[in-house]
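The structure follows.
Order as written gives the chain letters A, B, C and D; numbering starts at 1 within each chain.
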């Protein structure tokens, strides 16, 4: 009897019939909390605010479990900063098309985790659900896999095509039609790597012999013309970084020694301009030079940002540095010198009128935010589950 | 390893217990496993209001000591793009689950909490929280949090855990 | 000319023709290091020494990348301690057959990492190569997946069969023939979980209603008989741990309150004996009780080891403790009290005449080694790549 | 995160450079990429002996400052069940690779070192070591360590890196 009574009561509670105001509630108590619905999944807005960043965690210690975190840097608590995540397997690279509301990721799987048959795919994630809405099977064993690169994937031709950089170690670019999600073709880029924008329907790659290979595409995706530029650097003695900041139709490629090469990418063939020195003459004795992984980015006000370190020497160019220097690209002039809390490995700058700077601190793998105007430290974002967030990107 | 430190720091200092009470839950264990599949009427989200006549609760759903988490073991969905009772974007909520009975300090009542896991993405990694109050080994599926409850979902990848109010619990021991 | 000279010289070096004693070497220098062969892969001995342990890293933060580390605890440097690793996906469980030289792992994969079609497999790893030498496809979506358990897999029938515990949440045991690597059948164990040894060709499972379900198998793997024992505990008020130490034909199951139940598993039906208290009467006021994940193990001298904590309360039984207590099982007596460096979550004891104790320290996820005779701390083993080594096992 | 701390601590204090010299390596870059595939005569392992007439080397192959690791970036196989020139059990050695030129302090010679990756198991996770001396961005495949060199193997899962002596380097700059 007692048991039957208790069971009926619990059953009632579980199935949604609340017993209120009688045996359970005292006179002065509020009514009980209502039963809540289950199965509700959050979604994100179709357009990401400028304060949102895409943080690429390569998972260097667990590469099958790489992740991209969508982080709102304007929020003050972890719970409101983390908007969501999606998995990207085997240090994949990503790029975003805000027009299509899609994020693309080149990734790789084996049927048994780290072994078994291999499959390479381009996954199409929906920005609002962070769930895959499609995929393109890539040619097997070709897609570039290494430390994260911003120019391993490139959207071209007013958003119609996506280029995927290959490195097997033979180099080429797989061209995908984003409307049909089918492969249009594969363009060999012998001796040259990655896929940088040039013109509206073409791309350039960076070559071991110190020049660009510029590829013009026909309307059907076939190669219209491939042009090699003049040699402008020596990959042994005067190497450049493969990481540029693109402002308007100019890509700024820093060199390891501290020059920057402005490259006109507005036409179908890359045009390399006169390099200038990033380091003011008075400071050159301290051997300042760029260093890092995702070491450079730009804002919408014509400035680019680059991680710098003193005492540069052989082997130090990937290690990051203690400062971020900000340049007015048109004036060829440093306009800000931001001293970091300790050290920076990669950085990203948000779009829009009031850009903020995100810097990856490799000592504890936290993200540090800085005011781009004053150079002041704003806050640290951490504890969101990250392991090795080696590349960060402002959302588009 | 900071997250782990935090987790096990909690364990090692023997988390102060809530005064949750459990009644005859075992008797309806078979029913509660799967409570998430019972169609429940959508209700307005309870605000933590002091207005008389309004349901109340207090606390930070991103904190391990939030009252609903008394029997939880996992990553808090509140820190992963979801909330205490919703899943992050792109995940799937497990229809089967374990339950706990937690005392809401704001109204002094014990509630039945369903800890539905969100599945289909790998470990969220944020806000790991282990409380275990009333938890039992896995021969008691209705009260065990050591199982991967991503069962009945298309993916078994565990991402995070919610804590959903599914009823008022019987109050006597 | 100069270039040709240099190139020839380097080519010679690379292709294995060493230039010695002429231009390169000074008179007083030793001859240069020889060119070394490539492609050499290490192998392990067919029989593992008693000092070797199998450390199960569930990868709680990266479950698709779980690992088992083979660690030689007798060695003094990290380089000599790590013998090798193998991957086990999605918190799988393992068991070892030294007779076959095989380690079995129940694991799960999705075709796209955390999404896509699911496949559950039993992988057969070779002890000498730590590479898979076979696999058995398991029934989809059934195998138990939760915190690591020693009795989720059980070798039976003198090594012929392997039982795999299922939990979907319906419970059963999949029976595999290890000679043919084929599934023999699936035995339902309604309301009862895991797979403990009983007799030579049978197993028992632990039930929600506080008893064992003992299953006797016929020679063809079909069920000969299923027997439910008397109720011996109450899963609400007097729950036991599902983790026993098996000494000879007795399995010792500790209870959460601190009793231990000796269970005779020598015959086809489990026989539960009289429980006795793990805590000496004088110490009971301090509320000592067992706690942890892999909290109990035994040695070959008839002793079992269990992690204990004071001030036990609701919710503390999985948290581990600051001491390991050692019991003479036959004498029902505590024979050693080992104060840990800080805290222990799981433990394992090596086989053989001079057993050593390994304890997982959850604060930094390191492994601590203790002398089982004196109880003295020996050393810490860490830095081998582990994330969450939640279960440890002496090798067989 | 301790391993990571260690790694980046090394980066931040600007590892003292070895006095390695590089000659005309670029000229034979195309040959050296793939050096691992050239069948090399098996030779007896060089002992660190001071006996005259015996090849010598010194140092701890499980330490990041070991002379052979001047251009490495990855987990040292010596800490993973392999050695400085062999792969751990159950892995597969990548036939294509990058190379460095490192100075052996025991005999004062510069050697061409082939950093063959061991593949087919996930990241070893132990003894992460990044030196980068002579390293170049990935448009110079023969000298880049930022690529996953598990190319030409059945699995692309990167486990650890070896450092194999494949020749004496030309000494002049």
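Observations, loosely collected:
The rule is short, and it goes like this: a residue touches a chain if its C-beta (ideal position, glycine included) is under 8 Å from a C-beta of that chain, and two chains touch if they have at least 3 such contacts.
Values in this document were obtained by computation on a predicted structure and should not be read as measured data.
Within the contact network of the assembly, the step distance from subunit A to subunit D comes to 1.
Note: the chain lying farthest from subunit C is A, by mean C-alpha position. Averaged C-alpha coordinates give centres for subunit A and subunit B that are 34 Å from one another. If you average the CA atoms of subunit B and of subunit D, the two centres end up 49 Å from each other. Here the spacing of subunit A and subunit C, counted between their Cα centres, is 39 Å.
Taken residue by residue, subunit B touches two or more other chains at 1-3, 121-123, 125, whereas all remaining positions touch fewer. In subunit C, 61-65, 87, 113-115, 364, 385, 387 are the positions where the chain touches two or more neighbouring chains simultaneously. Of all the residues in subunit A, the ones that touch subunit C in their complex are 59, 61-65, 87, 89, 107, 109, 111-115, 119, 121, 123, 132, 385, 387.
Put simply, subunit B touches subunit A in their complex at residues 2-3, 23-25, 27-28, 31-32, 35-36, 38, 40-46, 52-57, 60-62, 75, 78-83, 85-93, 95, 104, 106-109, 111-112, 114, 116, 118, 121-127, 164-171. On the subunit C side of its complex with subunit B, the touching residues are 60-64, 90-91, 108, 110, 113-116, 118, 141, 145-147, 167-169, 192-194, 206-208, 235-236, 239-242, 309, 311, 313-320, 343, 345, 362-365, 388. Of all residues in subunit C, those touching subunit D in their complex are 3, 6-7, 9-16, 18-19, 24, 29-44, 65, 67, 70, 77-79, 82-87, 125-126, 128-131, 364, 383-387. Note for the complex: subunit B touches subunit C at residues 1, 3-5, 7-9, 11-12, 14-15, 17, 22, 26, 29, 33, 70-71, 96, 120-123, 125, 130-141, 144, 146-148, 151, 154-158.
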